[in-house]
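Two complexes follow with chain A in common, the first pairing it with chain B and the second with chain C.
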Partner chain A sequence: MTMNTRIPAPRWRHLNLLRWVTLTTVFATLLLLPALHLYQTYVAAHAYDLLSPGEQRFYTFMETLTSPFTSDPARDLDALKGTTWSANIFGLKLSDPLAALSQVAAGQTLYLPFLLSALIPLVLTLILGRFFCGWICPATLLYELNSNFGLWLRRFGIHSGNRRFDRRLKYAVLAAGLLLSAAAGAVLTAGIYPPAILGREAYYAIAQGGLGAGSVFFAATLLFDLLVARRGFCRYLCPGGALYALLGRFRLVRVRRVVENCNDCAKCNAVCEFGLDPLHDRFGQDCTNCTACIAVCPTDAMTFTLRLADVPPQGPGHLGHRYRKARPGGAASRSQEAA
Partner chain B sequence: MLRRRFLARLATTSVAAAAAALPYGFSHLMTPPLEAAPRGRLRPPGALADQRAFAAACIGCGLCGEVCPVRCIRFYRRDGGRLANTPYIEPEEKACSLCEKCMPVCPTGALRVTPREDIDMGIAQIDRSACYPWVDRGICGACVSVCPLGASAIDFALWNQYRPVIHSGCVGCGQCVEVCPHPSRPIRVVARARTPAGATGS
Partner chain C sequence: MTRLLASALLWLWVLPAAAHHVLGRPSYNLNEDSNTPPSMQLETQIGDYFVNYMVYPAFPRPGESGRINLYVYRRDGGAPYRGRVAFEVRDDSWFSTREERIGEQTADDNVFRQGFVFSQAGDYIITAKFEDRGQPYRIDFPLRVGAPSPVRPLSLAAGVLLSVLAAVSLVQRRRLMRARLRAAREERAA
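Right after this comes the complex of A and B.
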């Protein structure tokens, strides 16, 4: 009987796999672009004969990699430059909205071409919420692997930190960043924003001859996540996440729990990197639409919906014990929901 | 009661504010401010003339460095305070080739597209008490032959074929500094003296 009431859901669950592919691709691109730059400088200098054997192997490898796409790498590869902080893709300039906001705070001037370069990410964030955090951010890949590492450590009886703080702390971090940027006259959020740090550090390490200071900061955030709070930096401290959470407050695309399919197993709550409560329909501003809960749900009770607000709490899932026990009398179920 | 609540609120707010400022403090500790601006470091071509405006405009994305074919653009990686992650050129190590790729790629307007002759990274200056030809220690002319701008920027003195003289057309790319064979680099790029408007007349 209960099985008949299940609502067939679109197979969104495979999106999580796609998300891992996307994250890996972005991260690999972040490593590839500085390597391409290095190769370009070798080509521009006609330097092959002056390179060390190791550099010559690198040159040959990059030549093999790029030769199907271009015969003039020194010029053509300029079409793809940058990081997620600010990129130049075939003439299209894209910048992080946090970069634009911080720059306005630092200089108290509006430079329109730069603000326009943040427009596409801004609109996407208005529609999709914190999707950058779940789908693109190069730090997310490392943070999620770090989370998984923490879970793996449990096998050996080592429990990683799982403290909870007030989520609103990150808005204070954003506000502090803008105020301090204005006071110092420099874009200070760039120094603590993990995707900006990673993009820079990859470039510094590969093409500038050594890591910068940001790598220390990033390592500290990894430790913070592992020892203090799971995914703690993204949840409680990230200024970019704070901005996108604010922008995505009335996002159109949301994850929704299909109460008819839910059996209250709470796997969604366990898997949620952001410590949200999908089981009780509480997603809120911090949901990144990462689809991990959709992928983990054994009964396909998680799906996407187009709404400007979360569905109000729908009570226990119709396949769960609590609902079935209360079902014979409809009133009993309702009183239980209220309790 | 009201006062206690107010005090509790105040305490929470200040703890939150301190916690919120903590990451920035940590990041600041990692990039200590420079004691003094290192000599001879130039901004990339087309940079905003006002240093404060430049520091406020640059977001440290590194795009200018990533298009630089000669890799002359470096960054304050581990120091610089509020200059952290902003670009500079150290002509003694590697000078700018004036390829003009970095200006259009800069998204923030920290580098503005500027015609080559209007670029102002500084102006070269020759120490005539050290430069080989100027102290009659031989003939050189390396700086003159390497200059991408030619006679409008650097030239030989009329009365002696090998004594270089700087002209106002110099944009400060620093190639002469990079090529100078003298160990003390008697040629270097300094900030252009700003003459008040109208002061040049007569």
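Right after this comes the complex of A and C.
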């Protein structure tokens, strides 16, 4: 089943802008939550008079920010807690499927309440595939900005790395992470999973005034992306990305090329952060449904479809030279007809 | 009646002056020298001892005298430590190796009092050292003097990096798209 095959992309084109707004919002929320938590702690401790002048300014700012929503911050701000790794949003407990799986591996028990908190993300992944990586992961915002920065450096003759590795490497990282977690009895995957790292570091920075070792690891992943392989960590190493890719292999919602509208310009391939090949209908399980290819397509040849597998390769786009030349009587005869 | 009153006054007069004790520990929530509460009151455990750490005034400023009060007592039975405690300070800012010994104190009313005057605002680490039965004890406590910039070098670096990345992506949007297409063409050609 195809959604809007006849009148494709215009409707979906704006989704890429919405995605940037979503990523920015998630990132800002990740910074806001520790600030709210810190403010809540100050309020609960009746600590205003014990705070330094700078902390008092912070208190006043947070008071102004939250006063329209709550008159009892010490109690009400419990409604928002956590990070993208595991969070409580107005009573709804959500966890990253990797968090749940790692916890099972580390504890070697099935703790149902925690597993249930991963159910909604799991179902969404089964439907939308690796959408977390494209739409929600707070690290994605930084990685995409970093990727743009790498392109900008080309102006100065500095070429960022674009090596390619075997995409299956990330599954090995995931398996090793889970096995080591099981052996150590600790959730080790969280130590190499960028969204979990960013969540922790945001807490360290805002609530404790410093950064942990995770920030060094995250900086290393940025440098890896910049110097070795574009979006290399997400493509080849991320354990969470590996899990989402596996779960999203048979996703229901996927991007499809409308061959009748395609002119083979290959802009879709150029903008794909994951180095996929939309031009030849090869999206695979790594597609994050980020809609960058939909947004860039000048002929609206990319759209969403409801299918459990990618459309088989459809050949050259019907608006492209290759197709017109290949057709019996091809471009020449059509131009004669037009004349 | 007069004799009773005189006895009571005499009894009060001969009592030694002592700090207030609450639940067996000196209480300095509002200190005798400072009308503000301590800037921090930490209680920690090291080896066989509990250690209470307080700083007066609440927000010590450069050029003004302040004081650290340390109360060290045994975990088993709560007997106060009777030896000497040495105090050292080191600058907790980046790339600084400044370290200084402030002094060594004996207990006064079971409290080790160490005065200080800092000439510069900043974040410092106070190290208290003592020895018991040949066992060395060493504890670090934070101390903030003045109001150092809330933005630390690392936060500043992260902020600048994020701003540069965001600015490049926003301001150079069209140019980046062209660069992306050109890079893809070059890659295909290669």
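We take it that the second predicted complex is superposed on the first by the 317 of 339 C-alpha atoms of A that agree within 3 Å, B and C clash if a C-alpha of one lies under 4 Å from a C-alpha of the other, contacts with A are read in each partner's own complex, and residues count from 1 in each chain.
Criterion: contacts are C-beta pairs under 8 Å (C-beta built on N, C-alpha and C of every residue); 3 or more make two chains touch, one makes a residue touch a chain.
Just so we're clear, the structure is a prediction, and the values are computed from it rather than from any experiment.
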Three-chain arrangement built on chain A, chain B and chain C clash or fit:
clash
For A:204, is the partner it touches chain B (first), chain C (second), both, or none of the two (neither)?
first
Touch test for A:148: chain B only (first), chain C only (second), both, or neither?
second
With both complexes overlaid on chain A, does A:45 touch chain B (first), chain C (second), both or neither?
first
Determine, under the contact definition given at the top, whether A:110 touches first (chain B), second (chain C), both, or neither.
neither
Which of the two partners, first being chain B and second being chain C, lies in contact with A:212: first, second, both, or neither?
first
Chain B versus chain C as contact partner of A:270, first or second or both or neither:
second
Touching A:123 in the superposition: chain B (first), chain C (second), both, neither?
neither
Quick one: name whichever of chain B and chain C touches more residues of chain A.
B
One more residue to check, A:54. First (chain B), second (chain C), both or neither?
second
For chain C, which of the listed stretches 1-9, 73-81, 91-99 or 163-171 runs into chain B?
73-81
Using the superposition on A, tell me which residues of chain A are in contact with chain B and, in the other complex, with chain C.
210-211
Considering the complex alone, what residue numbers of chain A touch chain B?
33-34, 37, 40-41, 44-45, 74, 78, 81-83, 85-88, 93, 95, 99, 102-103, 106-109, 111, 113-114, 117, 166, 169, 172-173, 175-177, 180, 184-188, 190-192, 196, 199-200, 203-204, 207-208, 210-214, 216-217, 220, 237
Touching residues on chain C, where the partner in the complex is chain A
37, 39, 58-59, 144, 147, 150, 152, 154-155, 158, 162, 164-166, 168-169, 172, 175-177, 179-181, 183-185, 187-188
Parts of chain B lying in touch with chain A, wherever the complex brings them together:
16-17, 19-21, 23-24, 26-28, 30-31, 52-53, 55-63, 65-71, 74-75, 77-79, 82-85, 101, 105, 107-109
If we count contacts the way the header does, which residues on chain A are in touch with chain C in the complex?
49-50, 52-54, 58, 142, 144-146, 148-149, 151-152, 154-155, 162, 205, 209-211, 215, 266-267, 269-271, 296
